[in-house]
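In what follows, chain A forms one complex with chain B and a second complex with chain C.
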Partner chain A sequence: MSDPNTPTPNAPTPIARSPIAPINPRVENGWEVSDARSTAALTIADETPLAKVAVRAPFAGAIAGLLGVGFGRAARGPASLQADGLPEALVVGSGPGEWLVLAAPGTSPAVRQRLEALIAGTGEFASVVDLTHGRALMRLRGEDSPAMLAKVCAIDLSDDVVGNGAAFRSSVARLVTDIVRDDCFDARSAGAARGDGVRSYLLHCERSSGQYLFDALLDAGAEFGIEVTGSVRAAG
Partner chain B sequence: MMLLTCPWCGPRNSTEFRFGGESHPRPRPDAATPEEWRDYLYFATNPRGWSRETWYHGSGCRRYFAIERHTETNEHRAIDERRAAEARR
Partner chain C sequence: MTQEQIALAGTGAMRLGRQEGEVIDRRRTITFRWNGKQQLAHPGDTIASALAAAGERVFSRSFKYHRPRGILTADHLDPGCQLQVGDEPNVRAAHRLVEADMDVRSQNTWPSLRFDVKAANGLVGRFLSAGFYYKTFIKPERLWPVYEKVLRQFVHAGSISPDTAHDYYDKRYAHPDVLVAGGGPAGMSAALAAARAGATVLLVDEQGALGGRLRWGGPAELHELHRLTAEIAAEPGIEVLTDSVVGGRFDDNWVAVVQRNLPNVVERLVKVRAKSFVVAPGLIERPYVFEGNDLPGVMLSTAARRLINLYAVKPGERAVVLTANPEGDGAVADLQRAGVDVAAVVDARHGTTVTRARGRSGVQSVELSDGRRIDADLLVTAVGWTAPTSLLNMSGDKPVYDPRSARFRPDPARLPDTVLATGRIVGDGSFSEIAAHGAAIGREAARRAAGIRARWQTQVPTRTPGEPVAEVPAKPVEIPDLTPAAHPELFRGHTHGFVDFSEDVSSKDLFTAVAEGYDSVELVKRYTTVTMGPGQGKLETVNAVAVVAEATGRTIAETGTTTWRPMYAPVTLGALAGRIFEPVRHSPMQAWHERQGAVPLVAGQWIRPEHYGDPAAEVRTVRNAVGIIDVTPIGKLDLRGPDVPELLNLLYVNKWNNLGVGRVRYGVMCAEDGVVLDDGVTGRLGEQHYLMSTTSSGAGTVWEWVENWLQTEHPDWQVHVTPVTTAYASINVAGPRSRELVGRLAEGVDLSPEAFGYMNVRTGTVAGVPDCVLWRIGFTGELSYEIHVPAAFGLHVWEALMSAGADLGVAPFGIEAQRILRLEKGHFIVGQDTDGLTQAYTAGLGSLVKLDKQDFIGKPELTWQAERGGYPLLVGLQPIDGRIVPAEASQIIAGGRIVGRITSSRMSPTLGRSICLGQVEAGLAKPGAVVTVRLIDGRNIPAAVTPQLAHVDPEGERQRV
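On to the complex of A and B.
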């Protein structure tokens, strides 16, 4: 059996690559991902393989109601998207009249079709675009992440301003970045049993700036002992 | 550092914005003379005091919006349309 990490000229499916260079690359769901595993208190993971679908629609119309989150908020769901066996999606209200739907790797065609079907039913003027291969996405995880982000971002990240499930777009290391606070409640999280997750942020930028943002965050996190890990979801 | 309050995103660092200039009422295309168009396109009153301005929040909501800013103190406020209409009278 040939090494799956070595693409052959007649490989049946092309391998997608994140803009962020992986450590010990292996292929999973058609994406080259990092095989690194870290148990450090503060970690950064490349989550670019997640399906990313953008929706533009009227600010307060029927589609906004179907998606279930407003500008500045993010939530898992909604039920209308999960029909037809689609996995759980994270819907982010990333701008006024602008949403980003994040779902498991490889599901972007299904998510896009589902969203298009939902929108067609409303009759509103809207657009659905698959941005999976056009954006970079990374996850910061650890209690020190707000202190670390404060070095490169001017937004007040305290619980009162950016609580769990908040989303905003601002400048991070001088780069326009979508930030979603999405705390981790997996088994590895201390306090998961009490209902407190571990602080975690998703950072989302243009693909061409992905490696820059990743390196800038690693640099900012050096004093907190940041380490690169593979997908948090897979590690959890 | 100057903080500017975006009507969508709240107070943000002014480096996130692009200045769109003073905003004036647009002349009627069917009635304006070339001089009026030139004034509208190229001239600003540049007052020392409250000025109605357009800003673009390029690093945030990516929306254009209008505010009133005091050019001496950099205080700014959302536009009160009723007050603006009275001032034009």
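On to the complex of A and C.
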């Protein structure tokens, strides 16, 4: 599934929409996104427009090596994915023999093609499926995010178990959700210079329950003063 | 009352001057209402301490006899201090802090707390003895509802309005290395030592602040309290939860903590998974059993000391103190310092005791065992301690009675490695001995937790690569001895008194129960309800055991205790419920449906449009023009790999080897027992790429089913299954003008019947959106295209269809219209027209089942079904009177037997008559046969079996054009 380029004469330009209702919507990269901006200590942002491409391959074969991370971990793009000017991607080891590659909005066709090219050279049985439209994706950011998540998720979020770069699937507010700890090291992160980012988690679920999960997180975060903001950062 | 007037008035006649450890804020005074009357308090006062400061002695009436009750323990356990606060019943008023403008009332007293007419129960007390309910309200059975109403009037509880607002209750999870239950000197020392050993610690205490008994001690205790409190505050590894209680310990150190009085959260259940659990609850002071022991003015030594030292309240004017331990001696000193006239100190260590307390609404005099009678308004008792071993019992311990210290003690040998105990529950000692024991236990708890953590660090897939694993000391920490001090065994004096103040059970009741044959403590508990009140036996159990032992002539050790079970303390239903998490699912077009006023249908987690106002009109639109329906919930599985045909052959009852690219086939899945599991179409999009559709309700089940067969039976097959149900918005465009409508928006797809015939699939661009999947299939019986649109563009394509088809009369139709359309066409719905016993042949799928395939799931059972014959069959039915629509599930009867049932029924807008599907016995499944349908109102009507399932267009010409 790619983002459309040419509208038909009989219809207006297609606009892609997230399952999460935006605040002050505007269109960016063909997606309707929220124009809200918050500087609150704890924020939630809808990152659904990011490209999301799933890879299935042997648990510990050549493709696993090329992707650079195994089950339970996530890492920013291996060199093998960087060809052809692709932006950096976040590769998530989302299950045994299962990966999800997150990249900037609108890049899913290129990511998919790059992955298919990589796979073709290995001779392993593997498949690549574009799930950009099949998942809702959101980012929590703030030092209180683990305390807030502890209200809806039973997993031990301490550094010992879920350090930066950890990825796991669990129940969040009784919904099957993939969680990636992906701390932010941007300019707003006070400790970025010394290597301490701001706690941040990516959460993704079936698209149809995206608004439910978003609302449940807002409810859990109310006591921490959570606010909605626009896209915090792209995957790259 | 102005602030100035309030300040001048003071907060009560019994308020003392400043006490060193007081927790009240004298700079501020607040007002609240007590039974409608304005009262004063300082912030930091409990409701009970504020009332006691004002000279109130009676707070409630007892459960059964409506006897006046006052302060006994001056903490959360106080049985006489359960009050109504606003809409909230059963508030523990000796624990709950008073707040400005609180409306506090006594519970279930009439006409007033002071003159309660139900106190007349006391006059007939001998008829309300042990087992009263069992003896009295058995016969006649028909009067049970009346008994219930009458007894409800006497229930000792508050009231709650059904209109009470839903407050915010929630839950959270916590994973500390060490959980410490009890924030007294031992618990605080354990927490500090554990944190300093590198552990994360959760320290929980039931009181509003840490410190335990240090809080109401003298200068030395207060000094230690301040030191420990400051050190804990400075230790980042310790999270402190006060006003919280550890309610239960379950397997694998799953520990329930109930946290109260948070900002914006009424009560929170903290679900703790602790690697080590330290139990440090201290001791609970035990009441003494004697005549009049429930009179207001009779209180425990710890209660008197709390009132004086924490709240600066004088507990009485003239006191008798019965003491058998140093804490009782300490109470004497506190009372004297507070200006109470201590008329007598009765030292039970020397054999003297209290015989009875006399008075009407409070103590007026005390009779001693040496014959003296002393006028007093206060009787303080210090006769021993109960070790609250509940959490240890829940961990597998079985405490043993130690007559030397007159209390049950834990048996560490029976505890799991992950549970440790410290403090006075283990033994007595000086502060430094207690603290040293706590610290050693804390270090050991941290060591054991570190071992578990190290194991996890090497095992969890989420671990950070290269992260060093901490060294765990192999040698256990040496734990110093902590021996219980000797204490006289004092449970009951020479007279009978109350054992259970919450349930109004006396020692005499226990003797009666034993005399009636209930000689086991467990039976006595259930017969008399002793220990079954809100305190759950914390004050009562040991006395009850001692009295039963006395009545049976056995020792306390032989008698044993009742069982302590979770929860340790009362918990609100709100905390157990927490937030209500009920995931819902919406299609990308949901907002559009809502804007159009669609009536919602809850289908599992999905919210779908049932109809947009007139389902019959929606049916006519589809039959005559074109309609569009949102079918996004239809299950979709992306199948890839060379062995997909093998998989399909295994899953479906029909054959899949020769499905060409671009072709679609209908299939039915059965379980191993041949019962229909699901159905749907699967299309071949590429050489090794298929897209399977399932029923909406079966999407999750089928995915698990497919993965189960692949992973357990055929891991050798090269197939990858990816659920893509919500990756696509699915729109069915149905009706004779559907080709015209889709043609206006589709690009790159030749829609002509020759190029894109029935049961074919194509990919292309629709309304500018590429990568759409177009299926020529249909559930409605009309020419139709099912378009799977990349979901984010679902609303765009939906709106484009509505816009482009305006001149064609396009209209949306909902689930109800679809149900009618498919029933007219005779398509069955799995789970509605089939059930958990419906095998494939019964569902009319005989022509689809290919028994000549090498294998498929359910083949042996279906082979047997085919061989034996005589099975029921799904048939089309039409009532002879076409105006009557039999309700679904109406029985079909013959000869006094049930021979079938209606599975689906509707009024057909197309035919203008009622139509049905139903399952009937084999002998009746003949075209033209007339069966008898029993309606809900009892009438029987005739209905004819139709030649085929389809009522409209049985030849299928409309959908193949």
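Everything below uses one rule, namely that the second predicted complex is superposed on the first by the 220 of 236 C-alpha atoms of A that agree within 3 Å, B and C clash if a C-alpha of one lies under 4 Å from a C-alpha of the other, contacts with A are read in each partner's own complex, and residues count from 1 in each chain.
One rule holds for everything that comes next: a residue touches a chain if its C-beta (ideal position, glycine included) is under 8 Å from a C-beta of that chain, and two chains touch if they have at least 3 such contacts.
All figures in this text were calculated on a predicted structure; none of them were measured in a lab.
Contact with chain C, but none with chain B, is seen for A:Val152 once the two complexes are overlaid on the shared chain. Judged by the touch definition given at the top, the superposed model places A:Phe71 against both chain B and chain C. In the overlay built on the shared chain, the residue A:Ala54 is in contact with chain C alone; chain B does not reach it. Of the two partner chains placed by the overlay, neither chain B nor chain C lies in contact with A:Thr39.
When both complexes are overlaid on chain A, the residue A:Arg169 reaches chain B alone and has no touch with chain C. Contacts of A:Gly95 after superposition on the shared chain: chain B is touched, whereas chain C is not.
Comparing chain C and chain B on the residues of chain A they touch gives the larger count to C.
Touching of chain A by both chain B and chain C, each in its own complex, is seen for residues 71, 154, 168.
The part of chain B that touches chain A in the complex is made up of residues 8-9, 12-13, 15-16, 58-63.
Touching chain B in their complex are the following residues of chain A: 71, 95-96, 154, 168-171, 176.
On the chain A side of its complex with chain C, the touching residues are 1-2, 4, 6-8, 10-19, 21, 31, 48, 54, 56, 70-73, 93, 125-127, 129-135, 147, 150-168, 173-175, 206-209, 211-213, 216, 219-220, 222-223. Across the complex, chain A is touched by residues 170-175, 200, 262-265, 271, 273, 453, 456-457, 460-465, 467, 579, 581-588, 591, 605-606, 632-633, 638, 640-641, 718, 720, 722, 724-728, 744-745, 747, 765, 767-771, 790-797, 800, 803-804 of chain C.
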